[in-house]
Amino acid sequence: MAINKVVDSFDEAVKDFFDGATVLLGGFGTPGGCPSYLMEALGRHGAKDLTIVCNNVGFGKELMQVVAMFTKAPDWWYDGGQLADNRQVKKAIAAFPVLASPLLVSPFEKQLRASEVEIDIVPQGTLAERIRAAKAGIGAFYCPVGPGTIVEKGKEIKVIDGRKHVLEYPIKADFGLIRAYKADRLGNLIYRGTSRTFNATMAGAAKVTIAEVDEVVELGDLDPESVVTPALYVDRVAVRPEAGRTEIIQKISKEEQLQK
Amino acid sequence: MAEKQKLSRETMAFRVAKEFEDGMVVNLGIGIPTLCANYPSPDKEILYQTENGALNFGPNATPEEADLDLVNAGGQMVTPKPGMALFAHDESFAMIRGGHIDMCVLGVMQVSDKGDLANWLLPERGIGSIGGAMDLAVGAKKLIVVTEHTTKDGKPKIVRKCSYELTAQECVDMIVTDLAVIEVTDKGLVLKEVAPGWTAEEIQELTEPKLIVAPDLKEIELM
Amino acid sequence: MAEKQKLSRETMAFRVAKEFEDGMVVNLGIGIPTLCANYPSPDKEILYQTENGALNFGPNATPEEADLDLVNAGGQMVTPKPGMALFAHDESFAMIRGGHIDMCVLGVMQVSDKGDLANWLLPERGIGSIGGAMDLAVGAKKLIVVTEHTTKDGKPKIVRKCSYELTAQECVDMIVTDLAVIEVTDKGLVLKEVAPGWTAEEIQELTEPKLIVAPDLKEIELM
Amino acid sequence: MAINKVVDSFDEAVKDFFDGATVLLGGFGTPGGCPSYLMEALGRHGAKDLTIVCNNVGFGKELMQVVAMFTKAPDWWYDGGQLADNRQVKKAIAAFPVLASPLLVSPFEKQLRASEVEIDIVPQGTLAERIRAAKAGIGAFYCPVGPGTIVEKGKEIKVIDGRKHVLEYPIKADFGLIRAYKADRLGNLIYRGTSRTFNATMAGAAKVTIAEVDEVVELGDLDPESVVTPALYVDRVAVRPEAGRTEIIQKISKEEQLQK
């Protein structure tokens, strides 16, 4: 039987989520780079008490109205903040849980202030490396980032070459939701521009990796030299509807910006 | 009773290849393991991984197809295949160590009833090459070893305790030899299949640890 | 004596950009640091790195050029440039942590005379975002911080000991403020340059730790 | 001034080598994938007591005559074994220091048997990860490969999730000699096929990384999405003469194989 990792819908892609799951959420901070449709499907699924692992916990629907004014993202196109909107999040492991401007208070931050959710704040590079460690079967690593700061609390310290290092452990997740540009039926992936970010880092790091793509191309259409995520890291692929494809959004975005 | 038969290298490879399941990612070691790729079941799509940096490459190259920049871990020139991916060595072993290889097939010098594997140090030379064997033995989800049942001198290769330098501890899941198919379980070695004409007792005589004979012991199917 | 001048955000960025040397790989933080890219010296080729995964990208995009999939760490859309490279987050921080960034410019809330940096926890909110600041502070070969010399209430931001949560210890090499350019050395803070119209004594009054006045103290060149 | 990492000759590329240097040698085991010209220049340079870090210590000139019969590599095209031929090697850190066939005894193995050189044998994946750790600023890492074997000797052991791990340290090198396919003047690199191997892993891991390429292309000719080694990992680029280019060798190789 030919391998085919492409599933029929976003809902099917996330059907085996469960309460209390740990989920890697791809992207960096802008909605274009995150798996919006998969997160929306996870909202419909309703799994609760999630631990989300991500760079940025997201704006959520309300702030996205503001952000959309600058980025010209479609107004239906939300980021990871929707999971906090839905009250599905118990804890976040993130580098950027609070937006820089005090005027921008995300639903996650509101819940954090009300002690309804927990936060484990991690330096961005350490976050990326802990995710990679899970993918790469590394038991733990000594990291030079964190000594003398809040990050070292409760961690083993070792001096290596005269420099303090903290022992960091892999972040093991049940699911990874990522955004890529194109896939083939085997699950090989390429990305587009800086949307590679945490998406490519997270591919293969969770027990189940689910990729949201613009297009599934024929086997052989992806150049073997340019495949960023080899097929064995990917378990499922779900395809965006036409309105969600990068080219379409870029076109609308550009037209709207030029009208200003 | 039928005449005693020993499996050839090709037949051993054929038997091992039967364990490959549709969609599996498989890494093949040098020697008999490499031959397994010659017996693909047409109803199964297997993605072969080679530790020097390719996934889903095709069969060995003919002289016309030969490309010095597309080799497997044994240094043989292979062919590209639609859906292939290329990557560097650190990524390749992230795959291996990280448990992304469903099955690995390795050659062996000794294997113990606990699944300890020794396959790298060449005793006659006092030295050897670890290569990627340790990483594969530890990292692959399932490890099959394939070997002649005994040394050329007739000594058991399946032993109570490896006397050669170990590759990894408790890593082997299945042993395929020219005489038998044996599963490594928590309870010990389970003899599942024997070569045509051989009895469980005869296999036991050539095996150091005690074998548990499977209730459904059967003859190895040769085709 | 000339009238006292404070450097504008743009002038601070201009002064920092003078430190960039031909061929350097430079990472710019959010805020004033980002402005440094607006003052490239035409005789220097600088490769800008952004931690979200690009090296050698071009200036900010015009509406015509805008591409949602090409942003810097501040979320601003930038442009492609011949010789650009794209990569994932783990690779980006391998670059940063591994010492492959020649210079990094960050904003700061407090900096100590030992070069300790505090720039992430927002005290008024009791929470903040570490982002990539810790990795950059530890990993960059040279770290310049750029800031107003004092808080809005006139309190020193250059202190004996940071009262805010630290980003990293002993990481800052140079401090550029709206009033001064200060080098962090093993012996302490060395005042190298002052804004037009300011004396070393006046800068000292707004600075908590004792400043060592450089023998060649000079005025900051504003163009 | 425009950055230009391209140097005029292989000799210039290795001119600052010194006795006792630690050198990463790219490639896997076939001469096509290793920086042959740089190694030849290092031979002319004459630096001694080198510690070489590599997968395979190489065949050397004599055995290459045998190997060339199978691979149809040009007979002047030697691998890393030439450094042992020249007696420039003090120690190797390698995964595959001894060739599988007892008939193939490399110059390194001969010197090893005579106790003239030292060997530190490392599992291949651990070798790759220790090199990456040097590139990525990781102080040390706990690796599940090696417990219960010769590899654990003298190393710290830690049980993580019920599994033994050994503590492995980065391999810090003075120079890295690697083989790539194409470069631009900034040092961005792409590779060809499985020649990516240890070459791409080693790029950026030593204090000075020197790449041997077939061709330097115009800035902008390399697709930013397909650059494998970003420019900041590369210090110098040296270009093969036409006879050493992959396309030429492939052509000769193919013609000779077809004549058989």
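By written order: A, B, C and D. Residues from 1 in each chain.
Just so we're on the same page, a contact is a pair of C-beta atoms (placed from the backbone, for glycine too) under 8 Å apart; a residue touches a chain by one contact, two chains touch by 3 or more.
Remember, it's a predicted structure, so these values are computed and weren't measured experimentally.
Across A-B and B-D, it is B-D that has more C-beta pairs touching. Distance from the subunit A centre to the subunit B centre is 38 Å, each centre being the mean of its Cα atoms.
For the pair subunit B and subunit C, the distance between mean C-alpha positions equals 56 Å. For the pair subunit B and subunit D, the distance between mean C-alpha positions equals 29 Å. Residues of subunit C found to touch two or more other chains are 54, 86-87, 93, 96-97, 139. Across the assembly, subunit A contributes 129, 132, 136-138, 143-144, 191-193, 225, 228 as residues in contact with two or more other chains. Viewed as a network of touching protein chains, the structure does not reduce to a path, ring, star or complete graph.
According to the touch criterion at the top of this document, the contacting chain pairs are A-B, A-C, A-D, B-D, C-D. By the touch rule above, subunit B contacts subunit D in their complex via residues 30, 50-54, 63-64, 66-72, 75, 86-90, 92-93, 96-97, 116, 121-122, 124-125, 127-135, 138-139, 165-169.
The touching residues of subunit A, counted against subunit C in their complex, run 28-30, 32-33, 55, 71-73, 95-100, 102, 109, 112, 119, 121-126, 128-129, 131-132, 143-151, 191-201, 228, 246, 249-250, 253-254, 257-258, 260.
Listed in rising order, the residues of subunit B touching subunit A in the complex are 22-23, 25, 43-45, 47, 49, 54-56, 80, 82-87, 91, 93-101, 139. Residues 129, 133, 136-144, 158, 160-161, 163, 165, 169, 190-193, 223, 225-226, 228 of subunit A are the ones that touch subunit D when the two sit in their complex.
Residue ranges of subunit A in contact with subunit B, taken from their complex: 1-3, 132, 134-138, 184-186, 188, 204, 218-220, 222, 224-225, 227, 230-233.
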